[in-house]
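All chains are identified by letter, namely A, B, C, D, E and F, in their written order; residue positions are counted from 1 within each chain.
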Amino acid sequence: MSCVVCFGELMLRLAPEGYRRFVQADSFEASYGGGEANVAVSLANFGIESRYVTKLPSNELGQAALNSLRHFGVDTRFISRGGKRLGIYFVEKGASQRPSKVLYDRAGSAIAESELSDFDWDSIFNDKVQWFHWTGITPAISDKAALLCEAACKKAKEKGITISCDLNYRKNLWPREKAKEVMTALCKYVDLCFANEEDAKDVFGISGKSFEDVAAQMAGQFGFSTVAITNRQSLSANDNGWSAMLYQNAGDGAKAYWSKKYDIHIVDRVGAGDSFAAGIIYGRLQEWEAQKTLDFALAASCLKHSIEGDYNMVSLAEVLALAEGAGTGRIMR
Amino acid sequence: MSCVVCFGELMLRLAPEGYRRFVQADSFEASYGGGEANVAVSLANFGIESRYVTKLPSNELGQAALNSLRHFGVDTRFISRGGKRLGIYFVEKGASQRPSKVLYDRAGSAIAESELSDFDWDSIFNDKVQWFHWTGITPAISDKAALLCEAACKKAKEKGITISCDLNYRKNLWPREKAKEVMTALCKYVDLCFANEEDAKDVFGISGKSFEDVAAQMAGQFGFSTVAITNRQSLSANDNGWSAMLYQNAGDGAKAYWSKKYDIHIVDRVGAGDSFAAGIIYGRLQEWEAQKTLDFALAASCLKHSIEGDYNMVSLAEVLALAEGAGTGRIMR
Amino acid sequence: MSCVVCFGELMLRLAPEGYRRFVQADSFEASYGGGEANVAVSLANFGIESRYVTKLPSNELGQAALNSLRHFGVDTRFISRGGKRLGIYFVEKGASQRPSKVLYDRAGSAIAESELSDFDWDSIFNDKVQWFHWTGITPAISDKAALLCEAACKKAKEKGITISCDLNYRKNLWPREKAKEVMTALCKYVDLCFANEEDAKDVFGISGKSFEDVAAQMAGQFGFSTVAITNRQSLSANDNGWSAMLYQNAGDGAKAYWSKKYDIHIVDRVGAGDSFAAGIIYGRLQEWEAQKTLDFALAASCLKHSIEGDYNMVSLAEVLALAEGAGTGRIMR
Amino acid sequence: MSCVVCFGELMLRLAPEGYRRFVQADSFEASYGGGEANVAVSLANFGIESRYVTKLPSNELGQAALNSLRHFGVDTRFISRGGKRLGIYFVEKGASQRPSKVLYDRAGSAIAESELSDFDWDSIFNDKVQWFHWTGITPAISDKAALLCEAACKKAKEKGITISCDLNYRKNLWPREKAKEVMTALCKYVDLCFANEEDAKDVFGISGKSFEDVAAQMAGQFGFSTVAITNRQSLSANDNGWSAMLYQNAGDGAKAYWSKKYDIHIVDRVGAGDSFAAGIIYGRLQEWEAQKTLDFALAASCLKHSIEGDYNMVSLAEVLALAEGAGTGRIMR
Amino acid sequence: MSCVVCFGELMLRLAPEGYRRFVQADSFEASYGGGEANVAVSLANFGIESRYVTKLPSNELGQAALNSLRHFGVDTRFISRGGKRLGIYFVEKGASQRPSKVLYDRAGSAIAESELSDFDWDSIFNDKVQWFHWTGITPAISDKAALLCEAACKKAKEKGITISCDLNYRKNLWPREKAKEVMTALCKYVDLCFANEEDAKDVFGISGKSFEDVAAQMAGQFGFSTVAITNRQSLSANDNGWSAMLYQNAGDGAKAYWSKKYDIHIVDRVGAGDSFAAGIIYGRLQEWEAQKTLDFALAASCLKHSIEGDYNMVSLAEVLALAEGAGTGRIMR
Amino acid sequence: MSCVVCFGELMLRLAPEGYRRFVQADSFEASYGGGEANVAVSLANFGIESRYVTKLPSNELGQAALNSLRHFGVDTRFISRGGKRLGIYFVEKGASQRPSKVLYDRAGSAIAESELSDFDWDSIFNDKVQWFHWTGITPAISDKAALLCEAACKKAKEKGITISCDLNYRKNLWPREKAKEVMTALCKYVDLCFANEEDAKDVFGISGKSFEDVAAQMAGQFGFSTVAITNRQSLSANDNGWSAMLYQNAGDGAKAYWSKKYDIHIVDRVGAGDSFAAGIIYGRLQEWEAQKTLDFALAASCLKHSIEGDYNMVSLAEVLALAEGAGTGRIMR
């Protein structure tokens, strides 16, 4: 069985109950999440062996974060322990015209201040590993983390492991200029690039007359063999349209595949992009055709919107059922 | 005052909070419910004397289940006590494209293993009793329960009591073939048959070009004087259309009555069919005209969708107000 | 800096969790609210010095009510303490076709039984005070309260303070006839009158072919320089349309300004009118143009619908962002 | 089977969660209780037919209060409906040196303002009724209620029904002088009087060198055939000693019976006296000997301290087990 | 590193909140537990590789149960999936004189109905495995489970693996006679036997003048090299004394070791015996001296009483600190 | 009226529910606290004008922290806004032999990185200010904060304001050596010094044969006119003894005053020392005699142990009642 390695930051996620605002909160729901960890959990839920790499403090919060991954069967043996603190993010759920809000409190986290010596990439990328996934958040959290990211990419490339990256631009973590510089350097290692409708412009300044055009430019500039772009149509904090495009630059020419659009009533939209990425990776590992892969990934991420927390707690069977046409929400008993 | 007897299984209902999935649940909301008990509670809330018959274990859970009925004034004096366990069902609330899910854990329950000697139908159907209601779930839970159902029907018929049955096909309880065989035998006692848009096909293999056609076939085959069919249009787990048809096969010919359609934003849809059945029974006991009866029943079941739990906790006045045209949801103060 | 005085009743608000009905409630969420207090909190959140005047019992519940205002920086130094009880209101959240329901339990409250001597209006309306706001609920709670209201209006008028009143007709507090009589007398002090689509008819028997027509009649009859009318289009308990009109009767003729309409998915609609009034008052204090004032007020009250409790916990920046065109609910991080 | 009638006020009980103070409460646990209702529920839990008489408002809160009694099988058919409001009491749980605190908000309740015509005592005290129980709280809530109490006592006496009264002096409801006057008049109807260690002095000014002495004086002065006195030794809000004495003034001379003392770790002490009274009444209805009756009643009330809410939710078997010597709290499985 | 295998039943544990009774419960806290699983989790928390073997249904509840073990790093790869249901136990927390109560609803569970073919003991007991632990509950749940237990013991013995058994007599699962017969046959494989102060008598009819005497008889009769007996002194449901004795029957003669006694204020006492067993196993794997092993095990189980749920969520460092003399509960910051 | 200024760090406090451990937490109760803020709230609750000075981030969490102080009437106008983050502390409640545990996550907080220019001490210490209080935590959080502390002390001294300091040694914030150096320099400004039984040794290396001896050495070395020492006797995480000594070094010689000892059943012991300090300051502002001041302060801090959260939510009347002899915890109604 193949194994996927994900590398990034795992945070404590604190959310006021229901639609309460931060200033009303007398309690926070606590869970754990982070772009790459979310992908690792999704893949583990689909039955893929997934391995998550990060650094977590040696205290109880670090342990709880690690446990949250073991819970779903993610391999946590290569997580480094130590450092000063666990990154935290606060999220307030929006409603109607009031947007959801995220406050990051992640500076100085264990992974942001980790050293190259904390990770033995040679052991991490052992023979079973076939895929390496990271996101644009990882190099953004600190210069050290960017170096780590590069070291990992180099080693993965060296070993012939497929590398995917989700651009995931976060304006509060770094300015556009720096993002462009760092990501341009790192993207040369990347085979498959994920982006949403704004990332390409935010990070690389690439825009185009269509998603296909944008993907073609990205593929051209960085040599991506595949570009996957999700498209969120935000009607309100409760109701979104959700679709995606998969652009494949195969030997015999490039081709774009288009998904259907889901009209979604949102329970929790954080992690939707990650659940999409996991779906694409899963399809590729199964060597499915592009359209089937895209439909599966979009179905997975559609379901994510109905689930509280960062992690996409759905089974393979549930995603397949939706991808193959369910979706009326009729009760199952 | 007339009295309605309902007979079936009452279960502990365990539901994760909000939209949480089973695998996320660190607590379950506990309530009690079951098709026939739901009808009994609805009728009690409308001011009808209702009597519920089942068997419950002698332990605290059995007592709590019984108390949940006394709470609303249902007559519980004929409930038999004993047996090994209380049936349980777990329900996970769906959202958007993710369907609600029910897990039954009811095998070996007190009622499933009850004996004919546990019930004295002659006393249960005393002079006040005018109506007997059961559903297709009861004979499905065990062969013993099917025998009990037959005994009750026979006695009720003997005493001239009107009998209604809701087909309520549950594929996890019995296969279609067995359902057909058993229900065919039992339906000969039934005056009024409730079905949803799929039951007739699932149980009897009856389909038709319209609901009216299906009802006519059912009435023809089993001699039902009335057939009531609800029609759920499932747009998503949150949004449903809801309407119904009432088919009356009176002496002077058959006639179908059609309801309006409600566009419903769902809080909890379990028990909607039961609340509809209770509405029809109520209208019949009041000797209302068919159209008024249908409108009342649909309004009652429309409101059920806005209420947590199996039981339809609405008053007669609230249902009448909606049936007569309210429904904009404007605040009342 | 200018100061706004609000005068009225502050109540304990008890609401069953989520969509639970009163008869299901085994706990109540507790907060505090009341028409005029809601305006005071909104203004404090916008950075305006606001002063709230009422009478609260000397017990812990009275203290908790007072604390809820200090929490947001409202000046509570002129609140009188004493009397027998704190008014309470119970609110059950509606869903779909089931309306929200309010049960008042406010008879005999400290403010309803307060005396003229409980308040020193001369001190309350000190030099900083520029605006006085009250609603039609205050004179409705008791004859004593109506007298107090009149005393306050007189003193405010004497000092050249702008007076605004929200008609806020509550049929359970007084009959239409009495409301008309008392409000007619009090409205002669009022400069700016707020109403919803039904108040003008309920209180004054004024109806018209359009909102502008109604406002013109009101302005004509009572000499209001401004009339602001909100318009709720109730599709269901979950979904409402929300818009407003501002009618200005300036020296050079009258003019009506119209807002856009928001399609709102409701979290909690109590206090929406109050948040609108606070928005208008804020715009006027900033000497904004009428259209900007109206747009700001409607945006503020649009956001209120997404917030649990009576108080509109939004910042100036958030309201401005919506008024200036945000509103897609896209996540902010 | 014999039937016991209890008459008094049933209130909504609102308690902050855990040990939170009123000023911290953002939610209240809601239940229902009141001295006489607590006795009725205890008796129903022991299998006695108990009938509760009061007046409750016609709104949803009144209905919920009524349902809370039906839940346990109490006969609620003679409850009058109407009036303005449901009485409320707020209770804050003490800990260590901080005492529990009760805030009454019961003025103007339906029962306080009920009329003689609201109750048909002749029907209420039908042939099955053997016992009538009320407490000193009932005549304290209003003059009307005191008259009602007298009317009930007269009718009960006339029918040869045993009457018991728990003095239950509440200093916030009436002054000592008035209590003495009213209770002196009413106690002439009473056969069995319950008191705690302070009531006799508070209400009648009776004190003595021992509980036996006090009981003898009470029996002498009012002709009680039995006096039962509970003795609470308050070490802290968490830890109490709990014992009791039963004084029987039989034909052949008076005799005092003494219980053991329980060292109790308190979960909720409200309603302990009521659970004791119910235990004594139960023993008397069973015609148990005095010592067995006392031991049973004290065991019942000992268990009450371990149960949240006013109602003593214990079974006959549980009380008997403790009365007969269990009490080590060893787990049962 | 050595590996410990535990085999038994893992159940869903449902507990009303706080001190609420079953009949009051409107929600249940959900967790997972079972004697042998509790030992596996304890060992994993101490850093030992532990492997848990059972059968769980293929549904979401079975998955959640399995996840609860992965959460703590227990190896779940040998858990068989299938069967009809997950065993459930309900537990109500006692207080003061009211005992805790357990209701088992485990009949027909997947493990109770599992077959020999569900487990490949040869693979399970691979080269790393040094220890095998089971309890008297496993053979009690069904005859099939008893056969499985025997098969596992045989294979473990064959491979030279140390076997420990906790007698854990449960009177609701089997009668004393059957327990004696089955356990006598199985105990011949056992090296280390755990018992509490009642088990030896309940299962084997062995009593004695002291714990040492009882242990000597057990060792004599069954050839146990070690017998460990815990001693609970139940003052109330809240306060217990807790101590233990370790009896070693080494080559050079038998010796008994005695622990100190802890005075414990209980949070949750379920699983205390299991946490003790895990402590003894840990000490033996570390080859600690008997007294140190005993002190460690008792400290571990002392801490378990302060932790909600079945699993003992304490670290090695915390247990060592208590075993070495901490225990004043002074805050750590 | 006199005014007290408190200066230090205000943190978000996150605590798992009940006795749950960090690794079990799926939610955290959120409140706000910090040594000096706790003193400010206590004094405000006693009716003293208290002013709190710190720096809080401009985001919603900073606002919520500030609101928590306004809630109790603390003057927050001199709080500086800005910086990167709000300090956080996690606290897990201990039970029995398991100690409570605090995890600090406060590095890089707004106040830790604030500049001298953030505060205008001349305005802060205006004419009304009579007292300035800080604790040893403030200079420990950063070198910048230590400088700020010194600047504040200098200005206060200059203005003749009384200065009190609670040593509050925290080993995780700084080593003993540094604490000694910095605190020695700062303590020369201090008039009244608070310490617990360990602080004097931890910070200054002062130990003695008695508390009086220790206090005398401290007074001698630093010129404190008053030293107040609390004494916690930790029996378990639930049960503590609590007493204190007040050492006054008046013109006519030194004298020690001793309190009684309270046996406390703990709800939440965080902030107990702060509530004691507030009591002493209150007594001194009232110019009470030393013994009365000490008794009041100890009673206040005794009650704090019964209250959830950092803030001591008790009234003056409640503290006086306990100081004057109440304390049996008998219910008040």
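Assume a residue touches a chain if its C-beta (ideal position, glycine included) is under 8 Å from a C-beta of that chain, and two chains touch if they have at least 3 such contacts.
This is a predicted model, so every value here is computed, not measured.
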Other chains in touch with both chain C and chain F: A, D
Label of the chain whose CA centroid is most distant from the centroid of chain C: E
Separation of mean Cα positions, chain F and chain B [Å, integer]: 62
Distance between chain centroids, defined by C-alpha means - chain D, chain E (Å): 45
Distance from the mean Cα position of chain E to that of chain A, given in whole angstrom: 41
Multi-partner residues of chain F (each touching 2 or more other chains): 18, 21, 23, 26, 67, 101
All pairs of touching chains, each written as two labels joined by a dash: A-B, A-C, A-E, A-F, B-C, B-D, B-E, C-D, C-F, D-E, D-F, E-F
List of chain E residues in touch with chain D within their complex: 18-21, 23-24, 94-102, 104, 170, 172, 232, 234-239, 269-270
Partner chain F, residues of chain A touching it in the complex: 14, 21-23, 25-31, 59-61, 63-64, 67, 84-86, 88, 90, 92, 101, 103, 105, 107-108
Complex interface listing, chain B residues touching chain C: 18, 262-267, 302-303, 305-309, 313-314, 318, 322, 326-333
Parts of chain D lying in touch with chain B, wherever the complex brings them together: 67-68, 70-73
